[in-house]
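Order of writing sets the chain letters: A, B, C, D, E, F, G and H. Residues in each chain are counted from 1.
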Amino acid sequence: MTWNIYLSGEIHTDWREQIKQGCSERALDVSFSSAVTDHEASDAAGDVLGPEQDNFWRDHKSAKVNAIRTSTLIGRCDIAIVRFGDKYKQWNAAFDAGQCAALGKPYITLHDEALIHPLKEVDAAALAWASDVEQVVSILAYITSQQ
Amino acid sequence: MTWNIYLSGEIHTDWREQIKQGCSERALDVSFSSAVTDHEASDAAGDVLGPEQDNFWRDHKSAKVNAIRTSTLIGRCDIAIVRFGDKYKQWNAAFDAGQCAALGKPYITLHDEALIHPLKEVDAAALAWASDVEQVVSILAYITSQQ
Amino acid sequence: MTWNIYLSGEIHTDWREQIKQGCSERALDVSFSSAVTDHEASDAAGDVLGPEQDNFWRDHKSAKVNAIRTSTLIGRCDIAIVRFGDKYKQWNAAFDAGQCAALGKPYITLHDEALIHPLKEVDAAALAWASDVEQVVSILAYITSQQ
Amino acid sequence: MTWNIYLSGEIHTDWREQIKQGCSERALDVSFSSAVTDHEASDAAGDVLGPEQDNFWRDHKSAKVNAIRTSTLIGRCDIAIVRFGDKYKQWNAAFDAGQCAALGKPYITLHDEALIHPLKEVDAAALAWASDVEQVVSILAYITSQQ
Amino acid sequence: MTWNIYLSGEIHTDWREQIKQGCSERALDVSFSSAVTDHEASDAAGDVLGPEQDNFWRDHKSAKVNAIRTSTLIGRCDIAIVRFGDKYKQWNAAFDAGQCAALGKPYITLHDEALIHPLKEVDAAALAWASDVEQVVSILAYITSQQ
Amino acid sequence: MTWNIYLSGEIHTDWREQIKQGCSERALDVSFSSAVTDHEASDAAGDVLGPEQDNFWRDHKSAKVNAIRTSTLIGRCDIAIVRFGDKYKQWNAAFDAGQCAALGKPYITLHDEALIHPLKEVDAAALAWASDVEQVVSILAYITSQQ
Amino acid sequence: MTWNIYLSGEIHTDWREQIKQGCSERALDVSFSSAVTDHEASDAAGDVLGPEQDNFWRDHKSAKVNAIRTSTLIGRCDIAIVRFGDKYKQWNAAFDAGQCAALGKPYITLHDEALIHPLKEVDAAALAWASDVEQVVSILAYITSQQ
Amino acid sequence: MTWNIYLSGEIHTDWREQIKQGCSERALDVSFSSAVTDHEASDAAGDVLGPEQDNFWRDHKSAKVNAIRTSTLIGRCDIAIVRFGDKYKQWNAAFDAGQCAALGKPYITLHDEALIHPLKEVDAAALAWASDVEQVVSILAYITSQQ
């Protein structure tokens, strides 16, 4: 059985690649999905539908096009990993976590100790908090391959 | 028919009181609920269950006690107002919005224009974006009392 | 027990008033709700949130504000009456009927014989087709007060 | 991962074929489904169950047989494309959109600018509005293959 | 707290009245609902919508009008009592029981010992089988008033 | 795409085999499932769990073991065919139909004209009534292979 | 707003009365429900339906009659308190907790420190673990009356 | 069609292996899943996330990591077998059974006659009670391969 893992959140470091590589090295039976992580492409996702003068509507159209993808992939995943970085607000990561919580999808948060207090509500509904990528890979290895 | 309005998010200004007052002045048939907004009380919500040495677990216990209240009230509300302020990360507000989205609860975001870009995913699933309290009250008046 | 009746669709004739009056004359234990039926107010529902230059976005904002109301009222109703008139496309009425069908809410269509063919999919998921208001009132009387 | 796309609505032009061809040229990992689009066959879907003298019941039987197919395919799809043409009322397209909205299925509308106002409720619950087939194909390409 | 009891099935004896009377004598906090039990009125429920030449469609229209009532009342009940008599097929009673089973509504069957074998699937999903009205009343008394 | 068809009801004639053969001759992309149709084996399904002196409990145990199978297969099917014969009460068939109705599974009834009146509630929630096997096969052919 | 509290588990001490009294002293807006806690009455709940020779079936009938009550009350509650005592296995308490977890009902466990290890799965899905009644009352006071 | 069987409960005897072997000997089309059954590994499941001084939190972290696995596998299974042994409290087995009951997943309990009374609530919601492994295998053979 293949486990579908959705990787949500911060897009400025290569944490997704590290998780994929770590799982690959352990030959775990997992597949990965995520939002479009090319920042410019993501911001421009709705541009093909026509130009907008108002930034709100340009963002709105792109965010909705992206939601077609993310809501489908979140709906299909078995486990989500939700990553919060030091910079930026990453409200979309917390938003994804809220969806997972309401849908009963188990998720693991990945963030530094410095973010414990502001993330306490998000962590309270998570099934694990990891502070580095290796922990995430170890948990995935345990869940998917331990007898 | 009474409309139940859940007020989520920022707790450092009196926006909740302003909305309540505005609705009261218009005699709208609405009731309000929210998380505990006394910051210290909220952070200490789990302390009665015993002391913790580790901050993570103190926060964790309190966040879960608060979740008993918030998940029930979100589940009962008809409309949520989700407020993002200039300061602080307010990931719990985005988390509440994600729950509303997954539960099919209509919500209205309330934030300044400066936050349009980082909130685009949260706004994309909202049914309205308001930039001041008076707009929120006007929308509630329209929804609940227009014929 | 009060039965909640949602009245969806055409807003250019007084069919809603006729149904309310007919039910009142028979002293039925029913309450009624509907979208805002003041056409101009409905089209302007989102204007309080700020002006738009593009008609698509003005309509979009207003339609979403209206959806806060309609999705809540459809979710609370026991029975919907969906009215299609001779003029206009009334896609919103068919849209409401589709929501009712997916939510398992029983609905009754109200339209002339001339519309049978184009409405066949909408009628197929309805629990009754009425061709005049008196029929609707009679059905409501039967459902809510017959022993 | 294959994405299942349901193509709903207007059957008098070859827009379905154009979308299929466009996706094929880009080698997208998508599959397509739709209602029976042979107009005469669709109207006669229930005739095998016995003749009817009354047009209402002939339409009713056929619409229900068609609903066995369409409700199953809508239930299985990841994304629906809902097309409204200039002619005809296409209430079934709006009905399908309403079902998608209630089921939480993301859908994209496809229609000319002239239809913006009458379709505002249907567009308000859509995740994108496209005005030509090439836009739809571009969005599908982005959603299903962008990294 | 009032318990809503739906009384489904056989309409040729006064078992509903006996249950109501028994609960009244014990002053139980229960309310009752059921399909229309006037056989002729029930068969004619759809006649107001226009005459039919074909018996299938006359029955069909009436059964659907009755379903508006029964599906709503079953959806609102806490407990259903499903009665099977010696005569008639009472497939509608078994149909109601199937709906209750799928919806997770607890139900009690009420039938003679002679019907044990043909009703085994219906009894298997029930939470009790009663063979007389007094047993039903006793069970309701226990459930609703025992401390 | 393979369509899963659940065949419910009467077990004394070979209607299941006729449908399978008819679909095979037309090379339809369908698979079939059903309850155990060997009457003796079905009645004895629970005997391996130990003997019972009381017929009610023997039937009860067997009906529950059979329910493990039938509830799973009904939950997985796309379409159910529910067959009522002239003899026997077949309350389990009506029970299956009720489950399908509550779960939103489309079903087709298969019965003679003589049963129209007692089956009107079951037919009212069905998407088609067929009076012979050939009609069922034709409908399945249309639904699963028409373009 | 009244909060409905379901009190599940151990019936050999007066913890339910203590919680009720504590909430009453604080004038909390709560109502309470629970399974029948009279042990003999509970074990005999099904006896009115006829005697059984086999203990399994006597227990089975009574447990199902009790389930009519408990499943309804759990379904209606906002919060469950699940109490595990030192003696007895109290599998029904863990069973209730599992139902709450799957239904998304928040629950609080109430047990001594000695039971931490065997209850770790039940505690992991709880929103709080209390070790005495006063803690439960304090949490309820905070949740239901703090501003 | 492959049937997914979840094996829940007692981990001190080789009942899982016996069921797998029995099904293998009969060449049943079944697959099996379960929690991690290596007791030490299971208790240490969360240790990789960092050490805890307090036993409650060590257990808590491990139980939640295990819940990622078990909730996913229970959600995917067709049938659960829930085993209670003579020793230990096995509240997690009763907790799993409660989840199955609330999710509508059929389950079979496996325990000795001595446990009938304390397990009556868990058995009441089960579809079968087996007292030895051979019975379980026989039931699985009947359900998955009988025609």
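The rule is short, and it goes like this: a contact is a pair of C-beta atoms (placed from the backbone, for glycine too) under 8 Å apart; a residue touches a chain by one contact, two chains touch by 3 or more.
These numbers were taken from a predicted model, which means no experiment stands behind them.
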item	value
Chain pair with more C-beta contacts, A-H versus E-F	E-F
Fitted rotation between subunit B and its twin subunit H in degrees, CA, nearest 5	180
Farthest chain relative to subunit D (centres taken as mean CA coordinates)	G
Repeated interface matching B-C, over half of the contact pairs identical, chosen among G-H, E-F or A-D	A-D
Centroid spacing, where centroids are CA-atom means, of subunit A and subunit C in whole angstrom	40
Rounded Å distance between subunit E and subunit G, as computed from the means of their C-alpha atoms	31
Mean-CA-position distance for subunit D and subunit B (Å)	37
Subunit A and subunit F: spacing of chain centres that average the CA atoms, whole Å	44
Where subunit F touches two or more other chains at once, by residue number	64, 67, 104, 129
Subunit D-touching residues of subunit F, taken from the complex the two chains share	1, 3, 78-79, 104, 106, 108, 127-131, 135, 138-139, 142-144, 146-147
Interfacial residue positions of subunit C with respect to subunit B in the complex	31, 33, 36-38, 41, 45-46, 48-50, 61, 64-65, 67-69, 71-72, 76
Complex interface listing, subunit F residues touching subunit E	55-56, 59-60, 62-64, 66-67, 84, 88-103, 113, 116-125, 129
